[in-house]
Amino acid sequence: MKELTYKEMGLLEEEYEQILGILGRKPNYLELGMFSVMWSEHCGYKNSRPLLKNFPTEGPQVIQGPGENAGVVDIGDGQALVFKIESHNHPSAIEPYQGAATGIGGIVRDIFTMGARPIACLNSLRFGSLEDERVKELLAGVVSGIADYGNCLGIPTVGGEVYFNRAYQGNPLVNAMCVGLVNTQEIAYATASEIGRPLMLVGAKTGRDGIHGATFASEGLSSASAQKRPSVQVGDPFMEKLLIEACLELIKEDLVAGMQDLGAAGLTSSIAEAASKKERGVKVDVSRVPRREAGMTPYEVMLSESQERMLIIPRAGKEGRIAEIFDKWGLDATLIGEVTGDGLFKVYDGDVLVGEVPVAALTEGCPVYVREGLEPSYYEECRNSNLEELLEYDTGEAIKLLLASPNIASKHWVYSQYDHQVMINTVLVPGEADAAVLRIKGSQKGVALTTDCNARMVYLDPYQGGMMAVCEAARNLACVGARPLALTNCLNFGSPENPHIYWQMQEAIRGMAEAARKLGTPVVSGNVSLYNETAAGAIFPTPVVGMVGLIKNIEHRCGMALQDEGDLLVLLGPIREELGGSEYLQVCYGLETGRVPQVDLQAESRLIELLISLIDARLLKSCHDISEGGLAIALAESAIKGKKGFRIKWEWRGKRKDQILFSEAPGRVVVSLNEEDLASLSSLATQYEVEFHILGRVGSERMILEEEGIECVNLAIQDMTRIWGEAIECHMK
Amino acid sequence: MRFGVVVFPGSNCDRDCYHVIKEVMEEPVEYIWHKEKSLSGFDALILPGGFSYGDYLRTGAIARFSPIMPAVMDFAQAGGLVLGICNGFQILLEAGLLPGAMLRNSSLKFICQPVFLKIQRNDTPFSNKFKSMQVVKIPIAHGEGNYYCDPRTLQEMKDNGQILFTYCSADGEETMEYNPNGSLANIAGIMNGKGNVLGMMPHPERYSEDILGGRDGFNIFASMINWLKGVG
Amino acid sequence: MLKANIYVTLKNGVLDPQGEAVKKSLKILDFGQVNQVRIGKFIEVWLESRDQAAAIKELEEMSDKLLANPVIEDYRVEIVEVNQS
Amino acid sequence: MLKANIYVTLKNGVLDPQGEAVKKSLKILDFGQVNQVRIGKFIEVWLESRDQAAAIKELEEMSDKLLANPVIEDYRVEIVEVNQS
């Protein structure tokens, strides 16, 4: 293998100078490689760390905030949820199936590393236009990669999102979230405790795969990316399943002092992280690492990103029992080194010392860049674009076009490939509600899970869009009756070295942080994926929010399907007349512009409280959040799900129907309820200061919009169901 | 009465079956590790769903050689009730306890969704709680459930009444349109000649509690218990 | 050391959903001349052995037992290399 | 008519979880001499063509585009039969 220069490894000249300063000498090739992966954006967060500081990370429910493999929140009764979201964008762009599959493997390891049993996966996907043949391949590959890996592990994939936009042409986003359940006293941390404790490596053998994956993930995608292909890893879900079961047995028997998965930057990163926690040092002997290929150099062993490996630091005297458990599961565990007290990361090849660097230099020593953001010109241009002059589209036609938009159409093609019921906890499955709901066996409790981000809104106004992503996630949880607890996030952006992109990051994070603070949902974990761009430009800024919520009594939950004829349809929240950033503008006019609807955090918070109260009091029969496609599509989706029609009376004479029906202003939901419950709803709404509007009634098999006795929309639910149901399937035939 | 749930490396519905027998059916149940070599004191065995050995090579092909399998075969031989669900069904096929083999779904995709099944007869240990020709709803979740056997075997199974469940519409139409995976003769579940071994692709344990969306699966376990109590 | 190839193919008459799908895709990709596609497995096995006859017997046994499912598959064993070392 | 075989194998160094699992279970089944197992695809293609050179070109194109995944797999094309009819 040809040796790379520091530049080819992705280090800047001043960074190389810094390394010379730290070591007081030239690093050898191995040491240089270790610095380069640890100081990559992917591992070192060198461009994002200063911005992440703005996130609120504390709250009474938070057991563990950012800084560990995953965040942990309390759900009472001595139980906690462990969760995190992570990107696998670059690998998936190159090899969609394996890229996505190993993405699942990675995030699942982060969860059981904390001692938690993974109970659910979600994923947030972004692709270019579905008209494009390569995009179809990417979608098919990514979805089957996620499915094959997650299904084989026996972890249900219960939710997520899929969006299509030209902004992701050539640079798809694959973000995977995993949620685990743990007994609070069994939470495991990645701490290297006492000096002299051995380091055990367990799981797959080490091969040459994925060397410099972390560096690769920290660069833009170019045609040269294709040549880096040998770095693609192949996933082995069966091995991972064995690791899950074996590691959880170790935790149950309290045998480990520290546990760390091997992810980006492989052994280098996991050992450094395990050791950095208590200013310990480590020595490791690469000759002991079981290899898959002959002739691997220490450099290759230390940087390999072979999947399905774990690092275990046993409690004193427990090595024997640990070996027994691994043996039961047919896994090989090898002693590869030990914890030392000198703060140094020493790499040996047999007796020969082949590399030595201070642990802290690799971790905390990573340089940090505080950059200057610069507002791009498109921002004001879009905010000021005049949408009033657009001729109004025929409402019925617009609804049909929107239902056929892949961003709104049924995602059945995707989620039917995921096993979403294994573990028999999934109470609301994909497509049934705004969030997935799982029961916690042996209790009354339920948990609700969602991922959200409307990236077009973030692009048009990163500050508002950032707030919207958090609000939508929280609202989606409230729509099923859950109290939002905390969030994880995956910050997908272009190059931070571009001041306009840096501005997007600053603004989006400012918005997310403010919303998270106001809604009481601190940030407990996350991941950053930068340099998502191709020659054609950067992706839409896409800060995906994953959020978890708690349902006190699982019997009191709510789905989105309309239930019974005669029920009242009510809008909770204000009527808004604005089209900025809407799917309607995109689908009907090909426009992605406008002033985005402004978020009112106070109102959002009151709406969430109201929803939790209404559902807990069992006053709602359906509840659905207004997002892409606006009020009209929210109603249509509830109708399609419930196989029931409805009739709406138009009360807003003289106003533009499209502005009201297709506005994507946040802070609003559509509910249905028994007429007798209207008074109770009314008094609760008054109490929480949420305005509401009675829209009409459930009934018949058609969607009817009536204005002064004239039916201006009259569509058969069956036809709408067909359009909505077949859109993605047709593209994927 | 004692149920045993066999755990292979890669099984992942083992806990689900265990939960349903223990918490929903309220009957004694134990896990049986695949490395065990003998079985005693069990009245019924469940081979659960999942991806034993990653389903590498062919579904169920490697698990079929697990140390426990000879004991499972003896148990079946002696007339004990054996229920193979999904991957369990595939293992029973590979082991030759049931005839035929599985091919990949005709769509080549994993499919997870509820389907309708027709109960072809209700005079069996596994279906006595249903009405004959009753249509029930139970979810499937598999990538290889496309059942195949040669024409002679199919005829034999038909003659012997070994086909217990077939895919159908909500109204009981057994046409290709309602066949989710391309399975021969819409087969979703078959028994051995003696009728004490059942393999089925749908997951009854997933529809055994109302909160999970349905309860038709409950009746399969209830039938087994009923039959065991009747006999015992 | 000895290397063998084992070809596992679906029996005649057994439907090959994957082969069918590939054929369809090839037609869409304008490979109009494709008439039929069947997809089987190509298994390479390295054995610590130099005795070809014994090896073939062993490989056939492996195939009968594990590598092929006789209900749906046929197989063929072929020794491709014998290394005297 | 013409029949071709295409052998699709994992590139050297690429992990083969299937092969590993099969090797392990062959060992357990007492085929102790097995050293390594790699599992690939064996694709049989029938073409409406009699021109071997053109067919090989076409088959290679198919393999590049669809039959093999160039990121992790290699392939080899071989014409096994040309039928004059």
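When the chains are written out, they are named A, B, C and D in that same order, and each has its own residue count from 1.
Note that in this section a contact is a pair of C-beta atoms (placed from the backbone, for glycine too) under 8 Å apart; a residue touches a chain by one contact, two chains touch by 3 or more.
Just so it is clear, the structure is predicted and the values come from calculations on it, not from any experiment.
The minimum number of touch steps separating subunit A from subunit D is 1. Once the centre of each chain is set as its mean CA position, subunit A and subunit C turn out to be 41 Å apart. For the pair subunit B and subunit C, the distance between mean C-alpha positions equals 30 Å.
One simple way to say how far apart two chains are is to compare their mean CA positions; for subunit C and subunit D this gives 9 Å. Subunit B and subunit D have CA centres that are 35 Å apart. Within subunit A, contacts with two or more other chains are made by residues 236, 238-239, 330. Chain contacts: subunit B has residues 53-54, 56-57, 62, 65 touching two or more partner chains. Among all residues of subunit C, those that touch two or more other chains are 65-67. Interchain contacts give a graph that is no line, ring or star and is not complete, per the touch definition above. The full set of touching chain pairs reads A-B, A-D, B-C, B-D, C-D. Across the complex, subunit B meets subunit D through its residues 53-54, 56-57, 62, 65. Listed in rising order, the residues of subunit D touching subunit B in the complex are 17-18, 21-22, 25, 28-29, 39. Residue ranges of subunit C in contact with subunit D, taken from their complex: 1, 7-9, 19, 22, 25-26, 29, 31, 33-49, 58, 61-62, 65-67.
Residue ranges on subunit C touching subunit B, taken from their complex, read 14-18, 21, 65-67, 69, 71-72.
Remark: subunit A residues 94-95, 97-98, 204, 207-209, 229-230, 232-236, 238-239, 292-293, 306-307, 330 touch subunit D in the complex.
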